[in-house]
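Each chain carries a letter (A, B and C) given by its place in the written order, and its residues are counted from 1.
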Amino acid sequence: MADEATRAVEAILMVAEEPIEPHLLAELLEVSPARVEELCATLAAAYEADDRGFVLVKVAGGYRFQSHPDLAPYVERFVLGGQSARLSAPALETLAIVAYRQPVSRAQVAAIRGVNADAVMRTLQQRGYVDEVARDPGPGQAILYGTTRLFLEKLGLNSLADLPPVADFVPGRETVEALERGLGVAEE
Amino acid sequence: MADEATRAVEAILMVAEEPIEPHLLAELLEVSPARVEELCATLAAAYEADDRGFVLVKVAGGYRFQSHPDLAPYVERFVLGGQSARLSAPALETLAIVAYRQPVSRAQVAAIRGVNADAVMRTLQQRGYVDEVARDPGPGQAILYGTTRLFLEKLGLNSLADLPPVADFVPGRETVEALERGLGVAEE
Amino acid sequence: MPYEVSTPVYEGPFDLLLHLITREEVDLWEVPLAAIVDAYLAEIERMGVLDLEVATEFLVVAATLVELKCRRLLPGPDDVELDEELALFEARDLLLARLLECKTFRDAGSALARLAAAAGASHPRTAGLEAPFLEITPDLLAGVGPLDLRAAYLRATAPRPAPRVELDHVAPVRISVAEVVEELASVLPSAGRMSFRRLTAGLPTRLDVIVCFLAVLELYKQGRVELDQAVTFGELDVRWTGAPTGAGDLAAVDTYDG
C-alpha cells in the first residue's frame, strides 16, 4: 500500500506545469526535502520496473513527469510541429561558451569566437536559452549573460553541475599536433 | 512486460493537454478503437491496484490523466500556495501573441506557435485575459481574439500602446533602404 | 600539390583557419602563400565594409600566417634578430591557443546538441490544473511584467524561416575620425613627436586604434604631421609639423560612423 506522501507527490506532479523543487514538495507534504528525494527515487524506480510509458525525472532543479524517450516516435506523431527549430553550429558554439564561462559579456564571447557575437547572442536570448544575469562591476558595466532554466530543461540537465566537464572537449594530442604542424610549430 | 501500445497510450496521455479521444489514439497507435478502450481500462485498473496518486479517466469523450480525487487537499494547498499560479511558458507565449497580434484567430496563433493552441486559449479565456472581439469577415468567419481590460490591469498598462515595442527586431523601410545602399544593392 | 580554396561562409578567422588546417588536412606550408591570402581576401570581400572588427581579426590572423610562412622560407634562424624570433613564436603560440579554445567550444557545442536531442525525445507533461482547481487559483499573472510578455512574444516568434535583414553586422562606431583628428591636433603640438604605439596605448578596442590611425593619415594628408617608419612593421613615428589649417577643414573630414 503506497503511503499518502508518495501518492501526493504523484498527484501534484500530475497537475504541475513545470519542474517542482523538492523543498516545495516537502513543504506541501510536511516531510523533509531528503524524504521527498527518497520518495521520488522510489517512484521513478517503480515506473521503470513496471515498464511504464512515462518517467519521473529531475530537471532544472525540480521533478516532473515526462513521456518515456523510447516512445518518442508515437509522441512526436501526436505533438507534430511542436519541435523547436534546431540551433545552428555557430549558435551552439556560442551557447557552449556562455554555458561554460558564465557570467560572460558579449565582448568576451566575441573575443573567443573571433567574430561579432551580437546576432547569435540575440537569437539565443530570443529562444530563451540565455539571458542577462548581471552587470560587470568594472568600467562600462557590460551586460553579463548566463544560461537559463529553460536551457537546463531543453538539455535535460538538473543543474549546471551536470554539464559534461569542459575538459572533455579540450582537443586531444592528435588535434593539437595537427594544429601545431599546420602552424609550423612542430619540426618535421 | 507491458506491450508497446499500452506504453504509447501512457506516453501520449502524459503529454496531452486535453482529453484524447479513443479514435485518435487508435490512429496514432494503428490499432482499433476497441483495443484502445481495452488498453485504457487495463491501465486504469493497474493504477488503482498500485494505489497511484493519479487516475486515468474518460471525460468529455476522451481519456486523460488526473490527480486522484483523494489527494485534492494536497493539490489545493499547492494551488493556493501560489506556486502553481503562474502561467506556463506556452500559455504566456500564447498570451503574448494575442497581445501583440490582436485581433487574431486561434488558427493564426497555432500557426505562429507551431502547435494547437485550443487548450491554452481556453485557459486564457477562462481566466479573463483574452476574449472574443470580432469575427473574421472572410470565409469561415473565424472568431478573432484580443486581450481584455483585466489583462491590461494585471500588467499595469494603461493601453495596448504601452506594450514594450517589438518592432525594433524587424527593420523598417528606411533602415532596409539605408542598408541596401550601404551594401551597394540598390541602384544609385 | 593542387590546392583549391573553397569558400563557404566562415564564422570568422579561427573558423577559416581551423578549416584550412584540420578539415582540409593540409600542411599550411605546402599551400601556396597566394592561396592562403586569397582565401582570406575572399572572406573579407564577402563581408564587404560591414564589419570592420571581423575584417581586422582576419587580417591579423592572415598577417601572422604570412609572416610565419615567410620566416620559414628564409635561409636560417641565424640572420634574424632573437627578439623578432621570440615575438613571432609568441604570436604563433597565441594563435595556437586561440585555435584550441575555438575548437574546444565547438566540440562542446556539438555535445550540447547531443544532450538536447536526447532530452528532446522525452516530452514534459504541461497539462496543468484540472478545471475545479482552476477556480481557486490566485492571479496567474502575478509577477509577470510587460517585459516578460515581450520576451515571451520574441520566444514564440523566434524561429522564423523567412529571410530578414540582419542589422547586427552594422556595429555602430561610436567615435568619428573627425573627433579624433581634433583631439590629436590638441595633443600633438605640445608633445612634438610621439610613436603611434604610445599614441594608442590607452585605447580600449582595436577599432579605436584603427580610427586613430585613420585620423593620423588624415592629418598627414592635411600636411600637419610627418610620418616616419624606420623599418617595416617597426615603430611609426608621428611628428607634429603644425601647418595651420582652419576649422573648416576638420568639418570636411569623412565620418566613419557606421
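Note that contacts are C-beta pairs under 8 Å (C-beta built on N, C-alpha and C of every residue); 3 or more make two chains touch, one makes a residue touch a chain.
Keep in mind that what you see is a predicted model, and the values were worked out from it rather than measured.
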Chain closest to the middle, measuring from C-alpha centroids that were averaged per chain: A
Longest centre-to-centre distance from chain C, chain (CA-based): B
Intercentroid distance (Cα basis), chain B paired with chain A, Å: 23
Chain B and chain C, separation of their C-alpha mean positions in angstrom: 43
Inter-chain centre distance, chain A versus chain C - centres from mean C-alpha coordinates, in Å: 30
Overlap residues in chain C, where contacts from two or more other chains coincide: 123-130, 133, 154-155
Residue list for chain A, restricted to those that touch at least two other chains: 14-18, 54, 65-68, 75, 79, 83, 126, 128
Residues of chain C defined as touching chain A within the complex: 11-15, 20-22, 25-29, 51, 53-54, 57, 61, 65, 68-69, 72, 92-93, 95-96, 98-113, 115-116, 118-130, 133, 151, 154-155, 158-159, 161, 166, 168-169, 171
Contact set on chain A toward chain C in their complex: 13-18, 54-55, 57, 59, 64-69, 72, 75, 79, 83-87, 89-90, 92-97, 99-100, 110, 112-116, 118-119, 122-123, 125-128, 153-157, 164, 166, 168-171, 175-176, 178-185
Residues on chain B engaged by chain A in the complex (per definition of touch): 1-2, 4, 6-12, 14-16, 28-29, 46, 50-54, 65-68, 70-71, 74-75, 77-79, 81, 83-84, 88-89, 91, 114-115, 169
Contact set on chain C toward chain B in their complex: 48-50, 123-130, 132-134, 136-150, 152-157, 164-165, 167, 170
